[in-house]
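These are the structures in question, set out in turn.
Note that chain A is present in both complexes that follow, paired respectively with chain B and with chain C.
This part shows the complex of A and B:
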């Protein structure tokens, strides 16, 4: 049985824990605690170590999903989790443009430590004030549409939607492994 | 009543200075923010707080999911010393950094006593 480790990262409240809960076949190992900082403006509880979920993907592959904490004070967890990841998805709340800079910071952090494939997942795309994919990609540092990772819209509460994003990430990773990268 | 940071800090300071072989101590929130700390130079309060919260939450998870019950403390033993995490009521986590030379029994007793003082301020 092959195991593929996928990391779900992104700023606070992007939907990382919800994402994993929606798609995991086992009861998710979560480590959320009552929030006492600015996180409270978005939600009551926040991840302090990681979320862990599992998903059977075909007969001989299992996906292990690790969700990171959002706040940068937990960047040692980002580091631990990305070191062993085969691929990752950066979740960004499309309707909170002031967080794009933080998302970009996380992206830079991950890229410095790991060359593995990544895709961008946009959540809250149905909320008022949501930016479109092209502009968010631009804000994250991808000005050329041809040279950017896949961008997918996700409803983190919907299993089917999250499953599609996971499939997109796995396929993108496989596609990358077929063509030798230099 | 507001929590007095000065009181917390003075409890930590007297704990660190009066107990031999203790190098640092911190009280942090369960979501990893500093409340008070007396740490060795070069250690960042924010990072230490976040690590303490992450470690305790994982330990508690092992306690519940692997049927070890409620967690009294998490004990990290390195070849240079100890890191001991104790839950300090619902709203705080207590971290102690001690030298390898520290006597464990004494350490635990001192931690237990200091926890009583800390809880009185946090109540």
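This part shows the complex of A and C:
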């Protein structure tokens, strides 16, 4: 079985679990539990270990999607997930500027741990107060438009939108650092 | 595009970093919200040109610099106003007056310090405020001395002088995080001795609380210095992910969780061209 593993990461509430549910063909292995720490203030339920979704598109080909955990006591899973990933997508809620620094923190961690390609997915771009892609990219530490990863707008509730984002990630990965076998 | 928000969400040092790194030109307006029930909100205006600060003031009447000159007793209101009318359009008033021999270079520096450094640095202590950056606002020649300051220099000066960090408390890096350098060589900024000492630890391995201990600083002080290095574009906060404790969760241990990642025992094996082609083709059917 040939498998490509994509990690879906981002601050709590950015839409990671929804993203995976929207595209997975199986019932997402839902490790959402009642949050027990500060996360409770933000979400009543959050991903404690990781979300897992799968998309099998051939007898021996499958895409696996992993969502990073939201609670700090499962931080160790981040390292495990990113080490196994072919690529990742960072989800950022465009209307919550107070989360941009957390997203930047996550990005720094990911970049240090793995050189795999990534894209930025913006959720809630239609909400009042949403920042535009160029300014969010700046806030995430990408001052040069030519040297930043693709930034795509996503409605995590819509399969088509999520599929489009995964296509963007795969195509960027394909064109970039990942060296496919022949 | 206009950028709006609240300083409690996106702090002034972060905003300055964004405007400088984005080489933005326009007007940043900050409306203070100290007392939300009061109608006496104060507006602060800071003008940027290519990411650098060129003027600041509390009104948009184009009279702020003239008032400052008059307050210094260097010239009367009317005299400045008359001379200003002889200045070429788009020429900063301060520069124009200097060219006419009315103001000296030292007086211009003093004006700029009063107008920009003193006023803007005071804003770092604001607990909250609504902000808007308008990239279409024209630069106000009548408010400009002709001198400029980088947003980084203003941030560094403002944060070094800041006594009460309550407004920025939530923005400070976590004491358990490390710092990692994002510049290739030594910083060109003039860092103070404590900042240099913390800078020496920007290798992504030592937690800020441990750096504090090593340097005999309080954790809060080390966090503040780390924040200065971050918002001036010298370093990034790097989370140090802790290993799990067996009692920390009710699932199996981390080895079991790792093993639960199917087919992932040896890292990310390359995938084939045909795999990628098939995947994209399959996903296109869902779009």
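As a convention for this text, the second predicted complex is superposed on the first by the 160 of 182 C-alpha atoms of A that agree within 3 Å, B and C clash if a C-alpha of one lies under 4 Å from a C-alpha of the other, contacts with A are read in each partner's own complex, and residues count from 1 in each chain.
What we mean here is this: a residue touches a chain if its C-beta (ideal position, glycine included) is under 8 Å from a C-beta of that chain, and two chains touch if they have at least 3 such contacts.
Being a predicted model, the structure only gives us computed values, none of them experimental.
Visitor: Given the touch rule stated above, what does A:115 touch, chain B (first), chain C (second), both, or neither?
Guide: Neither: A:115 stays clear of chain B and chain C.
Visitor: Quick check for you: in the superposed arrangement, does A:59 touch first (chain B), second (chain C), both or neither?
Guide: A:59 contacts neither chain B nor chain C.
Visitor: Using the superposition described at the top, determine whether chain B or chain C touches more residues of chain A.
Guide: Comparing touch counts on chain A for chain B and chain C gives C.
Visitor: Just to be sure I read the superposition right, which of the two partners does A:77 touch: chain B = first, chain C = second, or both, or neither?
Guide: both
Visitor: Across the two complexes, find the residues of chain A that touch chain B and also touch chain C.
Guide: Shared contact residues on chain A: 31, 48-49, 73-74, 76-77.
Visitor: In their complex, what parts of chain A are in touch with chain B?
Guide: Those residues of chain A that touch chain B are 29, 31, 33-37, 39, 46, 48-49, 69, 71, 73-74, 76-77.
Visitor: List the residues on chain C that touch chain A in their complex, please.
Guide: 1, 3-5, 8-10, 14, 18, 21-22, 171, 177, 180, 182, 204, 236-239, 241-244, 248-249, 251, 254, 257-258, 261-264, 267-268, 270-273, 275-276, 278-280, 282-284, 286-287
Visitor: Please give the residue numbers of chain A that touch chain C in the complex, ascending.
Guide: 1-5, 23, 31, 48-50, 55, 57-58, 61, 63-64, 66, 73-81, 83-86, 96-98, 100-101, 104-106, 108-109, 112, 116, 129, 131-132, 134-135, 138-139, 141, 143, 159-160, 163-164, 166-167, 170-171, 173-174, 178-182
Visitor: For chain B, which residues are in contact with chain A within the complex?
Guide: Those in contact with chain A are residues 29-33, 46-47, 49-51, 53-55, 57-58, 61, 65.
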